[in-house]
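Each of the next two complexes has subunit A plus one other chain: subunit B in the first, subunit C in the second.
Up next is the complex of A and B:
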């Protein structure tokens, strides 16, 4: 008789096998998807690759696209490590962009050296407040964090829609575009490379990944976060204030998501509008999970999915395949990855049937 | 604000609310049965969205709402099978599975819809009509609200007592609940836990997709991305707020449905308050409802706990 049992820990070989399995099956399924839509698979993937890595500009542009995903991916890592299933990255990113914009209205002509840090801090505070609110609902009222974060995602998007279309942030003379006027130069995130909009947000994202790695691996808080996911009861007996840890995790996750909003709005678009942010939070969930809930893994996954997103624009110009192939591929890769990482943990044992 | 309270508008809000309620109620009843079997299915939103798209495609191709609904339910079965494979067979965390499935469904439906439409205008159809019940629909006030609705609305409301009866009085219903309360006991009696969990998931997902089909066919004449707009999540909240009981779940569904309907009417009336605040209402209310209703006494003991033999 064949029996399946689950090993609790697996070596890097098994983890590697899971990635190979998931990537192979994921790309095969995506190829089927392209073929089913009537387009050429080789042309599609060729254009995707060309658009993502084909030239110096393409590669730099891929880094630009990866920047917000690193932030929302890290936000996912911090929360999911603690087994807090927050999917509020999307809303917290909006909240961050909105808080950053709000403070910028009071900064007038101050120098970028003052303005940019103020915007970053205000944004992080906004994202942390929204995340922390869901943490409070969870610890105080036992409101499931999945539910509260999903619902607040909707609420915050409608709030921005009001502010930009009819509300106080509406651009003079128009409500239909739902955007603010272009920001003054002192609010633009400084560029690292001048011909492509690769801005300091990318460096900040890498720094954030290192900080998250240090927090998780080297600090008492990191131990608490990992233990919260592993065994909250034991943590309570150890005398750790679990409520406090949950709140910190949710605030931290919210602040990281908020930086994704700042980096897109103040680094790339130079005006506040909702449509350029849509989906970056949800993709961050995929990035965090496929990154193995590890900060460095999340950076690698973000670079991969950033490149895909960037390449998809080029692909849609060259072929009939719509850029929405990428969200579909992301979902497919995620489910294969989740299944594969469990499958490699199964150990198959051959045993004689025993009488029950 | 006072326009909303005029008798005509109030009637119109309640009549429309019964339609919205049908969508959420079908999904909520499906999720209720699924959760009673121990599966915390968070993939309701994605399943509903899949149901919407398949119903749209089928309706455009065949023009038959019945075939469209059946096709959507078949897609729901496929969704339930996938979620079941991951949660029951592979024992992936239920929350992670559901979140993953929603992301998959949102990406796949978007891609499929976009590549189907190409650059042209999406095809549309005329929405399905209502079926008034003779005599009863002539009763003032109650008639138009309760007895001049779609067939599926009557069916959804009637299925509330049926689901209650199924879970309380039938062998299969009791076994389904045992899978969520005490799976070891079920296994000790030689009955398979996974069969019952698969069954509940298939039933629940088909019902959810049917809700999606109804949303598509009765309220919209063409698909648009994310058309389900959080109604699958509201169904999950309704189950929790209803303390895993069918009738209470239906009451929670009605709260969301009325607010949803108010939001739609407020947009058309040109009320002073910006319409976006009305659109927030169902989502904000769902959090408030969970804060106010503290009781989780009806939650199945092994809800969301992957079952391991031995």
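Up next is the complex of A and C:
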């Protein structure tokens, strides 16, 4: 007989040990997978490490890759803490990139000091509108947010596809690439480091994490978000406007996701195209969960997944490992991390059934 | 010498560090009613669970008719002749009474419905239980479900029958009927164990075993003890009697005129209710649970929508206002379900104490005022005698009594004009009940209008100046406590209008 009982208190050492164990087992399982694919494990992991942390450029490049994941991870944290199961990070991220691009069409020749803040604000408004729309459907018509956000993800992604392939945003002279022309220099997000494209989006992401942490921990709104997640009935009995709180959460989550899209497009690619964004929203859900739905935890998880993504590029170039193993590794690590978070909360005892 | 039907010898059961039962020994003879009496958390339910095979004791043994008893499961206990009538219903709503009873009782797939129905009808006739075995459980009233639950135990010819708080869901009439059935069972030679915290039920038993903090305090012959002695044994100290001073009541404070609340399917949950609570008055709402108490309290507090009628506080119309606005006018509301409506279990005592005021006096500019929250928690924990390690303890880790003290602390602070208390003492032990009552009387002395709904009639009679009786959402009548008695209120609760009023 297996018995589970809730642990009353957990020291940080135990938590740390559990996550180290999860990481070790996750990589060990990934090694089995690599070996099964016929490639060399040591060569693969060596390349992965080299690509993620092997040089100054590699480390900076990992931070670049982590930036959008921090934003979508935070979007997940805010929504999931309120127990609103939004899966719309992907679509909201696209909406952010598209809104930013749309406003930039009217900003030709405007100085970067004005243009960039306007692009960021427009992006956040776009993401917030999409998130808020799902929140409105939920509060007004009791439409399950999982359904509405997932469905709208498709709508937005294919809307961009249409706009870029034959629609009004199509690059002149080409139809084979779904992309816009390269942006003018005044729309490029300023770089922190000049030789690698580490842009100010990274600093914005860190600032957003701190702000999210403060909101959740220190403000009345955060109090309401947490209480909403735990027990909306008690909140309603004390006269808190639960509808309003749901809308705020969905707008906030949408705006954060939007920043992921706009910073990736205007900080790294300098042209709007869909393929570079695909998956960053969904990975954000994993990042938020592994981060324990804590803003700071999400940053740590995003840095890890950024390094993994960056290192895996290197790995697929330098070794025979198929690139499709990378998402598999992410999934394996997620499973082990989630198991670790359960293990930390419960103690498991194996006992023989006893008779009187 | 005749052997006892069931005997417990030095039973011990712990859950982690909590000793739920420690070294408990007692026996029950055939044809005897033993009462297990004790506060919440004294270990009564654990004990009955051990006796019915729900989980094995850590140490000690159980003898059944002199033989050591080995039970693999609860089903095994039923087959051996030990029946348990649960406090909470374990019936499948979409099955008939008959189907509920024969589930799992037959080996193989060939269920003998005809035989079973005959047997069930015989039992119903024998004990005077008027239930159709073919009725759907979902169509039964709460009281009828309790009978179905009892039939389940009787069907298996139990030699030992354990009744866990069986009267909690029954009205006065049905409780009396239950005791007539118990008498019949005794004469049939069944050994009965009754778990209850109602003293007048305890006094109808043959012997009483009093539990406190997992230990057996003592066993008394009921004929040789008094309610006072039993209460003292249960709480470990003397209780102070409630003294309700005659204070003059002031002008009208909370006035309801023709208040109607619409429920599911356009059926009124509350139907044309008018009542007035004056300053310094405690107004009681009697009635079987589910007859409109919750809609009444919630519509006044602004949680439910007012369909028709008028609600005013000190002459000001508050009907249809937001719950937060009404709260800020000076209304406290102790809701029916403490862990669902009153508290956020996962949050700390500190946070729960300011629930609803996180944007009011406990916020400074953009942020929560943590020092003020901490001071408030320290003060409230002391003032309301909340036993918890600190203000950071999660509300969900508290016992029912301490959780209720947290809600009480929060709502008393708000209730400068009106205090609504919906079943404030349900499921709590006498010590806490006494405390809550004394705090309600304090509010009364301060001129607050107190509206209290309770299914404990004795408490209402002790506490209230006037009592209104709700039946199916309608107010059947309002009586002066001084000029009424249990029978009159009991009749109103069953929907019978006073003859002279008609």
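We take it that the second predicted complex is superposed on the first by the 335 of 356 C-alpha atoms of A that agree within 3 Å, B and C clash if a C-alpha of one lies under 4 Å from a C-alpha of the other, contacts with A are read in each partner's own complex, and residues count from 1 in each chain.
As a working rule, contacts are C-beta pairs under 8 Å (C-beta built on N, C-alpha and C of every residue); 3 or more make two chains touch, one makes a residue touch a chain.
Bear in mind the structure is a predicted one, so any value in this text is a computation, not a measurement.
Undergrad: Assess the superposed three-chain arrangement around subunit A: do subunit B and subunit C clash, or do they fit?
TA: Taken together on subunit A, subunit C would fit alongside subunit B, as the superposition shows.
Undergrad: How wide is the angle at the Cα centre of subunit A, looking out to the Cα centres of subunit B and subunit C, in steps of 10 degrees?
TA: Given the fit on chain A C-alpha atoms, the answer is 70 degrees.
Undergrad: So, A:162: does it touch subunit B (first), subunit C (second), both, or neither?
TA: Touch partner of A:162: subunit B, not subunit C.
Undergrad: Using the superposition on chain A described above, determine whether A:335 touches subunit B (first), subunit C (second), both, or neither.
TA: first
Undergrad: Regarding the shared-chain residue A:244, is it in contact with subunit B (first), subunit C (second), both, or neither?
TA: A:244: touches no partner chain.
Undergrad: Please work out whether A:56 is in contact with subunit B alone, subunit C alone, both, or neither, and reply first, second, both or neither.
TA: Neither subunit B nor subunit C is touched by A:56.
Undergrad: When both complexes are superposed, which of subunit B and subunit C contacts more residues belonging to subunit A?
TA: B
Undergrad: If you take every C-alpha pair with one atom in subunit B and one in subunit C, what is the shortest distance in Å after superposing?
TA: 5
Undergrad: Looking at subunit A, which of its residues have contacts with both subunit B and subunit C?
TA: In subunit A, nothing is touched by subunit B and also by subunit C.
Undergrad: Which bits of subunit B are touching subunit A when the two form their complex?
TA: 42, 82, 85-86, 90-92, 95-97, 99-101, 103-108, 110-112, 114-115, 118, 229-230, 233, 236-237, 240, 274, 276-277, 279-280, 283-284, 286-287, 290-291, 294, 296, 308
Undergrad: Quick check on the complex: what are the subunit A residues that touch subunit C?
TA: Within the complex, subunit A touches subunit C at residues 5, 218-220, 223-224, 226-227, 230-231, 233-241, 354-356.
Undergrad: Once bound in the complex, which stretches of subunit A touch subunit B?
TA: 6, 33, 37-39, 85, 87, 137, 141-144, 146-148, 150-152, 154-155, 158-159, 161-162, 165-167, 282, 285-286, 289, 320-322, 324-332, 334-335, 338-339, 342-343
Undergrad: What part of subunit C is in contact with subunit A in the complex they form?
TA: Residue list for subunit C touching subunit A: 16, 53, 56-57, 61-62, 68-72, 298, 301-303, 322-327, 333, 335, 340-347, 351, 355-356, 358-359, 363, 366-368, 370.
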